[in-house]
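One structure, as structure tokens, below. Some questions next.
We call the chains A, B and C, going by the order they appear; numbering starts again at 1 in every chain.
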Amino acid sequence: MDKKKVKKNVGTMNRREFVKKTAITAGSVYAASTLPSFIGSAQAADRDHILIGRPNPSTGPLAAFGEGTPWADEIAVNEINKAGGIMIKKLGKKLPIKIKTVDTQSNPTKAAEVASQLILKDKVDLMLFYHTPDTVNPISSICERFKVPAISLDSPLEPWLEGGPYKWAFHAFWSVEKDIVPVYTGIWDQIETNKKVGILMANDPDGVAWSEVFKEVGAEKGYELFDKGRFPYGLQDFSPFINDWKENNVEILLANLIPPDFITAWRQCQRLGFKPKVATVGKAILFPSVAEALGGDLAKGLSTEVWWSPHHPFKSSMSGVTAQQFCDRWTQDTGKVWTQPLGFKYAGYELAFDVLTRAASLDKEEIREAIAQTELETIVGKIKFNDQNYSRTPLVGGQWNKGEKWPWEIKITYNDPYPNIPKTGETFSM
Amino acid sequence: MSSAPILKIDQIDVFYGDFHALWDVSLTISKGDIVSIIGANGAGKSTLMYTIAGQHVPANGTIEFMGDRIDGMGPHLSVGKGIALVPEGRRVFPRLTVYDNLIIGAYTPRARANIDENIKKIHDLFPILAERGNQRSITLSGGEQQMLAIGRALMSEPELLLCDEISLGLAPVVIKSIYKQLEVISQEGLTIVLVEQDVKRSLRFADYAYVMLEGKIALQGKAVELGEDQVKKAYFGM
Amino acid sequence: MIREPFKYRWLVLGALFILLATLPVWGSDYMLLLGLLFCLYAALSQMWNLLTGYSGLLSLGQQAFIGFGGYTMAVTTSYYNINIWLSILAGGVTSVLLALFMSLFIFRMSGIFFAIGTWIFAEILMLWFSNWEYVKYGTGLFVKPPNPPSMTMIYYAALTMGVAALATVYLILRSKIGLGLMAMRDNEAVSSSMGVEIFRSKLFCFLVAAFITGTTAGVLYVFQIFIQPYKAFAIDWTVSLVFIVIIGGIGTIEGPIVGSLIFVLLSQYLSEYGHISLLLLGIIAIIIILVAPKGIMGTLQEKTGFELLSPRRLFSEEPG
């Protein structure tokens, strides 16, 4: 079918095209349904690019994860296309990659819908997507159904595995049971405590998965856990939790919740005089913006998981840029401090480049085969998918403290599982 | 032409919340009669009609229709018994066609059997309703709507027809023709209760009349025996 | 004068049906996806229209049946390996039971209180499901039927629901109950004095809508594969249905069909514009309402008398 039409649908759109498209949409929806462009698709014969589908939570509650996506997309795509793109044997020429980003609105229903659209309408060759089960789970399933190779990152392994066994979807991130638990309990063990742990976890995939695993493993390791149950997003009064911990003389806080809820809860802890010696908080305090938003000195001493940092001794397989250099470039371009998802956003393209180069084909089965055989040192560490189609990425522990360059900086204070990632500080009691 | 009572109301009281609308009202209506209920605004005429139609439940007292207790039965059941209401202000279903308005009049099981026959009868009575059959009833004139409201009520094959203020807002010539047709129906044995503002017309048309004042029956008697002055005095409570 | 109903309506409807029924043969995979979404939204919005446009029941809680039907399907097929089509039907049946239970409470309310009542029920269900270990709390469930159906089969299931919803509404409206409903919509007190059993008619429609909504939700989540309580029981569903019915024309049979077509095509186009897509959807809705206050089909009917499927009975002079 006509090449022009396909091209137009791809990549960024200029304003004229945008206005035109809106006008067409509003004006002639009926007619549009019969337009040949709807039936049409890119055909292999006259392919002039490789298309990667990028469903992304650009709006909605997960939007914070999306920060930096266009920046990382641009760097990675430029690097790949600089040398003309990827060699496709059958065509005897190199093809550049193009990406098509669509918004999932942080909604799993919408995510499945837009993923289907990318597969069926745009005929993507590969799907690349990140950030939380609400994005990763539905899209992986849709890719399975339509037999499209899929690579996802940045969502805990356990909820993703529920949807398996997978043939076409591959995933790389850490596991709650095998990574989070050793890192968190490792942090707890660094401080002298009475081993009493208070649990504060939201009623969402992470909160449910974490609390279940910790209750099992924590007890085995000799910790006493105090759990008053899952709570809904937006809870305003955490005093029942806090009073329970105070009564039981809890010295360790274990939390997983979204940033606004943690801000409410942690302020109430201060007001009610609950001062644990260790506070390990998942998800909520990944970003320096939240540490700042807590106000005062409230962020000081809070511990969390660190999946990536400039201190990780890894570098890009495409450009040789180190984690430190990558973060510096982010700061230089945006004036902002680095965040943990940045490396993963880029690593996805490293995988795509590596896989497509090895496959040297647009055949979906051959691409899938190439993903399965991946063994790549990326900017977030080594990725090698196992027979369940996943690869664990390294996880260490860190603690927030007042910084030199930025108001708040996270120091890596626990690295026992991955000693090659250097410590940049020592855990202190709060 | 008075014969056995078709409706017997015995000492009913009706309240709207705290407001005592009907006080110890008793009346008897004979089969085939045309009965007028006369009174000023707020005298309780409409309340009495709607109580008979089953829309209000009397606090005490009884209503017997053709020998059965019907008080508090609910409007959708009393129509099945044979009581049809032509509500004040016509209240045809504006978005339904004229034809559908008539069909819905025959909603109850007792009327469904003879639906085509009854429609024909009503079309004979009011030919305009046949002509405008497929029009939405909101497009009809006031008089046509009134005819439709009466036709709709007749579709339920009633024994007793309650007409609430059917001449309101209509031109005299239209009123005259509607009353003419009511007389035709009455001659076929239908009992009719009329609520009217116009005392003169009421007395001329009815066999029997009740005058209501402040929720009570102030005066009753055969229409021919009641003088207009006497009625007017009762009407104003003088 | 009112126009005679569109002469070739059965021809047009038949052609449309054949077009949709043969879509897997002639259409691309993408058209199949659009057809699937169109049929599902048409079925769901047809039911909301039956409630709000015809029965005078303003429901803001259709998501209760969407979530309940979806979860029933997911649980029966994934946990108990029950045939996928039976699971979908089971979703319809449990939705009817849910509707019966809801009716004990909300049928005492009217108007806006009824609307809020339905919404509260949906919210309660969301809380319940997100705190229920059996359905894995808020994590969500993958739908894993013993024999996963192909996209074409899911499409035909959706088409069945779309056609069934349309036929149900048409038959109800042409029946005695339907005439009663339309009278009730115009004037509840008078219709009651005509013998319309208001309560029973409304309940009947509420249950029918629950069944079709719950069943359609089953098909929807077979397509989605993944169900999660915060979105399955979200008010977003009803908001979409309101959008569809309002722009298509509330209280018309064709309205939900036209509205669904527009909604599905628009949201496909607009998803490329990221965060402004919802804004654009809203602006388009406002424009349509300003141009055609009764929705597209409602205004068309008013202006030209055009009706493809009319609930009106026609009177013709009897012979002789």
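What we mean here is this: a residue touches a chain if its C-beta (ideal position, glycine included) is under 8 Å from a C-beta of that chain, and two chains touch if they have at least 3 such contacts.
It should be emphasised that the depicted structure is a prediction, and the values quoted were computed from it without experimental measurement.
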Per Cα centroids, the chain farthest from chain C: B
Distance-to-centre winner among chains (Cα means, whole assembly as reference): C
Highest C-beta pair count, chain pair: A-C
Whole-Å gap between the CA centroids of chain B and chain C: 42
Chain A and chain C: spacing of chain centres that average the CA atoms, whole Å: 36
Whole-Å gap between the CA centroids of chain A and chain B: 75
Footprint of chain C on chain A - complex, ascending: 9, 13, 18, 21-22, 25-26, 29-30, 32-33, 38-41, 58-59, 100-103, 105, 107-110, 112-114, 116-117, 119-121, 133-134, 137-138, 141-142, 145-146, 159, 162-163, 203-205, 207-209, 230, 232
Interface residues, chain B side, partner chain C - complex: 53-55, 74-77, 79-80, 85, 87, 91, 93-100, 103-105, 107-108, 116, 120, 130, 133-136, 152, 156
Complex contact set, residues of chain C against chain B: 1-2, 176, 179-180, 182-183, 185-187, 189-198, 312-315, 317-318
Of all residues in chain C, those that touch chain A in their complex: 27-34, 37, 127, 130-131, 136-140, 142, 148, 151, 223-226, 228, 230-232, 236, 261-262, 265-275, 277-278, 280, 284, 287
